[in-house]
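Before I ask anything, let me first share the structure, which is written out below as structure tokens.
We just call them A, B, C and D in the order they show up, numbering each chain from 1.
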């Protein structure tokens, strides 16, 4: 069975997390993987994802995946952001799926689904 | 069965993704959720996570979760980063787990596990 | 003569830099102002400036200063970014004006002014 | 007299601002230089500056300018951040020096200089 895959053959975040832990351990990178460094690295990679879009019009940005070179960069930066997020969560002991489920619960209270929500500030942050 | 949970009762990224899609649709926020806006929002939230650590020493940063208020902020910002990453991936049609699995595969080629890797640049980006 | 002003009465970056140095010294904040912390803080504040724009259409973003509350936030975040940039430069011993002048010189070589430059990648970074 | 220099021969932010305006105009890059795009670019460049420091210990970060290659990257990223900040300010009509002077004034009210300030939160943001 492939690493990172659940018994059903599907990839899971937990399976990938374990691969990342083993990857860093085999290369002795754990000393670098402090919470502060990983939070910085996550922010840097999120900036690299944004860089792909910084000069694009909304229309060009909407078609970003139709350009093979840009599409590859997008997948690559998505992977980096997710990798550092998972590694950050590992070192601070947070389950990212539980954190997100709890946040959605809170946001459902904070932003009740309206009949007409067109004026609502879309910030879920 | 709780939303966002697989049949086994465990949370899955796909289950949470569906909750986020329904959440945004119910509030009519999709027009705001362009690839460029979501990439910007992801970067902003990653900055908010980093903000927690910006003045902390490595020691203080390592103990961040022992402070209840900071621990709550960490979970909250982790959730925001993951939410925007998942929403970004939805609108551009990228599977973040596949993207990460492919990146780990590439990094295993690019950074072969050494016997002694202490001098290796730890950047997996 | 007001602090931060040259003899002509105009504000100068050097005058403001001196005010920032004195401000931090009077509050004993120098120990926090390491290069790494200031680079992180600069990135965080740049994210806060971007946050103002993240959900705006290009048209709304172009009119940002006609909304008094947003205009105040813009000025406030510009000030924070410039403050941390100047403080960062102080602790690493870089003159930001010299660095920018040298970069413009390099970019004039790298991107010769064309007769028709419409296809040129606009990234000066 | 060199461009970007005041009569005294010293570089000024206003002189460099004018060079940046002319540089963009000669290359017809103004259409890309919207407030939203420039705020994104500023954030991206601040991330690139942070990237230099992300894996460094505080000690290594403190000695960053003694490594010629890193020192060059630092000056280059400082220039990029300042360039985009100045260009952003130009398109939204903000004077960055006035904004910073006003912010320092506010912070002097908000954080009175104490006799002993060692426990004060150092965030001036």
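Just so we're on the same page, a residue touches a chain if its C-beta (ideal position, glycine included) is under 8 Å from a C-beta of that chain, and two chains touch if they have at least 3 such contacts.
The structure presented is a predicted model; accordingly, all values stated were derived computationally and were not measured.
**Student:** For the two copies chain D and chain A, is the contact made of the same residues on each side, with over half of the numbers shared, or of different residues?
**Tutor:** Same, since over half the interface numbering is common to both chains.
**Student:** Tally the contacting C-beta pairs at the B-C interface and at the C-D interface, and name the larger one.
**Tutor:** By number of C-beta pairs in contact, C-D is the larger.
**Student:** So what's the Cα centroid distance for chain B and chain C, whole Å?
**Tutor:** A distance of 28 Å separates the two centres.
**Student:** Please tell me the distance, in whole Å, between the geometric centres of chain C and chain D computed from their C-alpha atoms.
**Tutor:** 3
**Student:** Could you check chain C for residues that touch two or more other chains and list them?
**Tutor:** Only 32, 40-41, 43-44, 46-48, 50, 53-55, 58, 122-123 qualify.
**Student:** Please output the residues of chain B touching chain A within their complex, sorted ascending.
**Tutor:** Residues of chain B touching chain A: 4, 11-13, 16, 19-20, 23, 26-29, 32-36, 39-50, 52-53, 56, 58, 61-62, 64-65, 74-76, 78-83, 85-86, 88-89, 92-94, 96-104, 107-108, 111, 113-114, 116-118, 120, 122-125.
**Student:** Spell out the residues on chain C that touch chain B in their complex, using ranges where they run on.
**Tutor:** Per the stated touch rule, the residues are 32, 37, 40-41, 43-44, 46-48, 50-51, 53-55.
**Student:** Looking at the complex, which residues from chain A come into contact with chain C?
**Tutor:** 40, 43-44, 47, 54-55, 57-58, 121-123
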